[in-house]
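Order of writing sets the labels: A, B, C, D, E and F. Residues in every chain begin at 1.
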């Protein structure tokens, strides 16, 4: 059980219901998942988060699948079970194969290892890699 | 200054120098960067890490540029200055534009926000997103 | 199940039982929660942790409710389910409303986002914000 | 040096300059700090982040000083040097005394300790603290 | 349920089964635990991870029990439930007593506290502790 | 520069100076390092932290060198530069060789990798490794 109630359509304030409607229209599904029903307790935050998800995850210099892969990588680094489950589902719907998921996790594992080796040894950045003033 | 000396070619044991040579040959450059010179204090670890970098970052179901973007995303989540500098350089060499980097960071920022909202509210995973037994 | 047994009053050594008694007296309840029963396997650590909780969470320059909010914020950043459940209960007992909890989580989400943007871009601290020597 | 250039007013695109102007007007100062000049490389992200900072940090169920304290707590947990410097400055401007800062850090330290004790021992949440379905 | 299927011996490709066999032979047990069955979806990663576990956890300048303690400490800092359960089992099999586990967790708790105090206060490293160039 | 002044003996309140004296006596040196001078701004916290360091790091079921190694491992996982520098110095003073440090870091790197693989794949704990009720 979440620490705030997951609001049904009937329980949600009008401003939150309007976001639910936009989620349904944008995704072409009637299903509104739990994170949005939790955020509905704070309609302004719900609006802002949904608006950011639409903006940031839209096609741009990076395609939507690549953005989903990045989302999964960060969620694995941060150990967010909710985000791992929902964004692997989104990524698969956008074409992530099992082999792509496995390679993504291999990079996550390797980066976590070398991040700690570099930080733990306190390796200074090579002058060659520092941005030029 | 790192917590272990960055070994020059002259200081590195033969097993480590062999890895330096492979780094040079694989990358087509004479430059061996600091992380490898730090790891040279433990030649078996140097061999294993370099071998894993070559294996994991090679083209596969994901292309090398996408892998670099994932590496950067994890390094930003973990706050590894060394890895951020070196892998943004690698990613740029493989075609990452400034717009791609900015979009990558936008996903990292958003995922970090929603990871904490989902974890902090203890939102349970929707049954619809749980793997089927 | 925890990795060490949760000791009942009968199982706990005398030194741990004395802490249980102080917890009961300080809180005006007969209930001793699981973290203390786990720490009872190491009575010196139990004493020290309980002593620190009493000292740090007491009224001072910050009031006890503000301290509970800070505790929740850190626990959300660190993804501690146990601490989130117990400290939201404590905070609510001290007056945290649902609106306050939602705003707290909004700050946690935003700070996590900007922490990673600043760290990921390696933004240098403005001279204006550096402490004066 | 940051990984993207800190854009001056002259270098920033018009959309970013409009945000700079709003920052100046909102804060009653001519100074625009580095994080905004870094984000100006991605004007849509700059707009969104600044808009969220204004929304989330505004007075509500929690007062602005309490929100700054929470921001600092998260930034300490995440080790964001930039955010620690800027938000301790903001908090001090809003009334944070040295004693308040020290107590805040004491809570951050204690929560980090007990977060790891609870997570490390895998202590299960007491039934009494679980939300009622 | 994991995000990729846990492969049985029958489902695993030959290359993964060979690793399963080596795990059985090395450990003198018929049981192959879940992490290996998950990694079997990516046989090259399974080989590399198992090979690294054998190499890194072998006796060297540090004995295998000390290495298990270090593994547990990192897993507690990172909140990895899977690793905490399996490596406390391994450590107990190698001689970790309940008192040793409790002292290990006390160090983890204390280090997490002081890590955040030092990082949060931005305490500069004493010149006396900096490596000599 | 730290976010609070590093108090000299002259600036420190009497209660903090008493801790400085105990640090000097316990360590047989006249040098009091920066973290204690920062904490001196909050004498009660200084007393508590120093007292815990003495208690937790003392010989027990684990010897002091093993405890230093654990401290370093956690500090590398958390990226605490201050703690890495001071505790590698302490560990070396207690007998940590360069080979031991390198093996410690290898375990830290490996555990960080497998922590993320297990968390990222959401691998469930084997029934065989769950504590018996």
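Keep this in mind: a contact is a pair of C-beta atoms (placed from the backbone, for glycine too) under 8 Å apart; a residue touches a chain by one contact, two chains touch by 3 or more.
Only a predicted model underlies this, so the values are computations on that prediction, with no experimental measurement involved.
Taking A-E and E-F together, the pair of chains sharing more C-beta contacts is E-F. With centres computed as the average of Cα coordinates, no chain lies farther from chain E than D.
Superposing the C-alpha atoms of chain D onto those of chain F requires a rotation of 120 degrees, given to the nearest 5. Averaged Cα coordinates give chain A a centre that lies 34 Å from the centre of chain F.
Centres computed as Cα averages put chain B at a distance of 20 Å from chain E. Chain contacts: chain A has residues 1-4, 49, 52, 56, 75, 77-81, 84-85, 99, 102-103, 105-106, 108-110, 112-117, 119-122, 130 touching two or more partner chains. Residues 1-4, 6, 31, 33-35, 38-39, 49, 52-53, 56-57, 60-62, 66-67, 69-71, 73-75, 77-83, 85-86, 89, 97, 99-100, 102-104, 106-108, 110-126, 128-130 of chain C are the ones that touch chain D when the two sit in their complex. Contact residues on chain A toward chain D in their complex (touch as defined above): 1-3, 44, 48, 52, 55-56, 130-133. Residues 72, 75-77, 79, 81, 84-85, 105, 108-110, 112-117, 119-122 of chain E are the ones that touch chain D when the two sit in their complex. Residues 79, 84-85, 88, 98-99, 101-103, 105-106, 109 of chain D are the ones that touch chain F when the two sit in their complex. On the side of chain A, the complex with chain C involves touching residues 3-4, 41-42, 45, 49, 78-80.
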